[in-house]
Amino acid sequence: MSETARLEAFSDGVFAIAITLLIIEIKVPSHEATEHAGGLIPALIHVWPSYVGYVISFVTLGIMWINHHALCSYIGRVDRYFLFIHVLFLMCIAFLPFPTAVLAEYLPHPEERRAAVAWYSATLVVIALAYNAVWWYAAFGGRLLKPGCDAAAVRTISRRYLIGPVAYGVSLALAFVSVVASLSVHALLAAFFLLPERKGR
Amino acid sequence: MSETARLEAFSDGVFAIAITLLIIEIKVPSHEATEHAGGLIPALIHVWPSYVGYVISFVTLGIMWINHHALCSYIGRVDRYFLFIHVLFLMCIAFLPFPTAVLAEYLPHPEERRAAVAWYSATLVVIALAYNAVWWYAAFGGRLLKPGCDAAAVRTISRRYLIGPVAYGVSLALAFVSVVASLSVHALLAAFFLLPERKGR
Amino acid sequence: MSETARLEAFSDGVFAIAITLLIIEIKVPSHEATEHAGGLIPALIHVWPSYVGYVISFVTLGIMWINHHALCSYIGRVDRYFLFIHVLFLMCIAFLPFPTAVLAEYLPHPEERRAAVAWYSATLVVIALAYNAVWWYAAFGGRLLKPGCDAAAVRTISRRYLIGPVAYGVSLALAFVSVVASLSVHALLAAFFLLPERKGR
Amino acid sequence: MSETARLEAFSDGVFAIAITLLIIEIKVPSHEATEHAGGLIPALIHVWPSYVGYVISFVTLGIMWINHHALCSYIGRVDRYFLFIHVLFLMCIAFLPFPTAVLAEYLPHPEERRAAVAWYSATLVVIALAYNAVWWYAAFGGRLLKPGCDAAAVRTISRRYLIGPVAYGVSLALAFVSVVASLSVHALLAAFFLLPERKGR
């Protein structure tokens, strides 16, 4: 296997595991909780913040995986430092189940809700910065890009990726004002990054 | 790696992880439970609903993996929206360990048993709908299908896949009447989807 | 990807996940346990049955993976029933972390130790039977074997694989007599299955 | 798939799962812990030893994966004993989440902190020895190396790999003197093994 293919496969493995591990943070309602809620169905509805966290994180990681896939298609070769920056990026990706679980636990609690959303958004700021670091290391002076890469396309991607940390930063700031507004930024960003990189492709 | 191959590999990863994670929902009987049951062997038999849930979910996901494999053999290319619909489909697949754990926990409790089976069947209705969405997006007007695909075969598959949400819907309705009848529909559906798509192949 | 390659990759995924999940059954000693044992090092030594279970199961699954690998090298094509038998085989493989955790929990308890080892051995009887079912379905009349397969080699493998369920059955019977004797059979079998299939290869 | 490729893929799977499982050892602060700490943000800061353990183990496993990748590029063929030694090596790799969780739990406790770091370092001594065993079995007399391997490069690698068990041994001894000094050796080793094997490559 080529170095690039093996890096792609390893990254896909970490993405697939992190995304699938999200479910183990959703706990089966205890018999006490079920009795308290007045039945199993109300008890299952009662843990809605767990479903919200699951959906937001799954969609965010899923779209990040799709874009990572596009990013890799520009990479022609790798070096040890690129592999290491990639490991740090994956370290941030694999961290996401933790703030997701914090979000699910504290979203229903008015006094801690904002801190939980802020912690979640802060993690995504770091993930977006790590994603940019991966791209910039590869793209700087065309270091690791495939020979025939279109310079204009590379510049477009570079600018586009910078939107990530900025917008997640906005969502972090909004967390202290309005939890709904902050989480809406996450949904909007997911929709934005789902758009193709360029109309012409 | 081609886009199609990487999507297949990622999907297989999520399937493999979700299917293997099913086991961590089966808990070792506590020493109190063992004493209460009169020994370890009776205590291990006592958790039979966990084994029922494990087997049904493993077989269901396994057969879905086999069919997903067949589906992928018709796909010639992918686009971003197909990747995204696929992520949503995988989100439903990766959710299954949760209703399986709910089923295992509440199957022995007469008053909550029906709600647990209904919740489990409802999840499978959603999985089957997501599966159909993946197929319809690809097959509509032959959008992403391989050039030489047999139109009659595509129509047969389309009709066949529609049986999924309908039959799981029946199992959902049956859950409120009879838990055994509802779970039998799951077993029958697994057997049905195991049959080859067409006699002639 | 060919059907055979995708089945191999999926099986390897389930093997890799089941084998790596074994570690999450080893629990960090609580502060009470540490105080009770007179320090963290004694407390870590105190959970030795967890390490025994981890090593036996990891080595058993690892050698099974090596042999599964050799088995696959004889398979020329797959059909839907073979895929399904394979799913059932993987269902047994993925179950092993559960009896391993039971073993670790009950090995230090004289009155339940035999039941725990019996449960563990019984799981391996079922795994070995499923492994034989995979092989026999493929090898019967050469159904799915590669065209040029040496008939003598196939017969040797068939006989060799039958040793699995028989020997694990012996280990199951021995569990009720002596826990050490029963677990020794597991170690001997691992060593036996590590030997190359034929001297001449 | 060739035997070498399948071993690489299986190893990468175990690495990817072990590295991603590290996160499930970080527990969401309970509502009592949050109240005690005076809010969710202080409570999340309070579990800093979990983050320290996560980062050290992720980076260590990540760099080990990068180097394992380089090691595999020298391997031309495999035999059953090499596969088995590899399984034992992966058994050590997959064990790391456990001492990481021990470290996170006991780092804040002055009386047990040293034992936790010693246990962690001892695991890495064993991992480094297993890594050397993999290499030495393959490299001894050029047994499994690719035909054209440069003998000088092989000797350089052999010497370089020996630094691992020695340095982790030093970190183990230092654990009883100073926790900070011991963990610094881990950081230094990570940096050392990140350097390319030879300037000339």
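Chains here go by letter, A, B, C and D, matching the order in which they are written, and residues are numbered from 1 within each.
To be clear about the criterion, a contact is a pair of C-beta atoms (placed from the backbone, for glycine too) under 8 Å apart; a residue touches a chain by one contact, two chains touch by 3 or more.
Since we're looking at a predicted model, the values are computed, not measured.
Asks: Would you kindly give the rotation angle relating subunit B to subunit C, two copies of one sequence, based on a CA superposition and rounded to a multiple of 5 degrees?
Replies: 90
Asks: Do the two copies subunit A and subunit D share over half of their interface residue numbers, or under half; same or different?
Replies: Mostly different residues form this interface, as fewer than half of the numbers used are common to both chains.
Asks: With centres defined as the mean of C-alpha atoms, identify the chain lying farthest from subunit C.
Replies: Farthest by centroid: A.
Asks: With chain centres defined as C-alpha means, what is the inter-centre distance between subunit A and subunit B in Å?
Replies: 26
Asks: Based only on mean CA positions, could you tell me how far subunit B sits from subunit D in angstrom?
Replies: So the centroids are 36 Å from each other.
Asks: Residues touching two or more other chains, restricted to subunit B: which are they?
Replies: Counting only residues that touch two or more other chains, subunit B contributes 9, 13, 17, 21, 24.
Asks: Quick check of your reading of the touch definition: is the inter-chain graph here a line, ring, star, complete or other?
Replies: ring
Asks: Where on subunit D is subunit C touching in the complex?
Replies: Where subunit D meets subunit C, its residues are 1, 3, 6, 9-10, 13-14, 17-18, 21, 24, 80-81, 83-84, 87-88, 90-91, 94-95, 97-98, 101-102, 105-106, 109, 112, 115-116, 118-119.
Asks: What residues of subunit C sit close enough to touch subunit D in their complex?
Replies: 5, 8-9, 12-13, 15-17, 19-24, 26, 28-29, 31, 34, 39-41, 44, 54-55, 58-59, 62-63, 65-66, 69, 194-196
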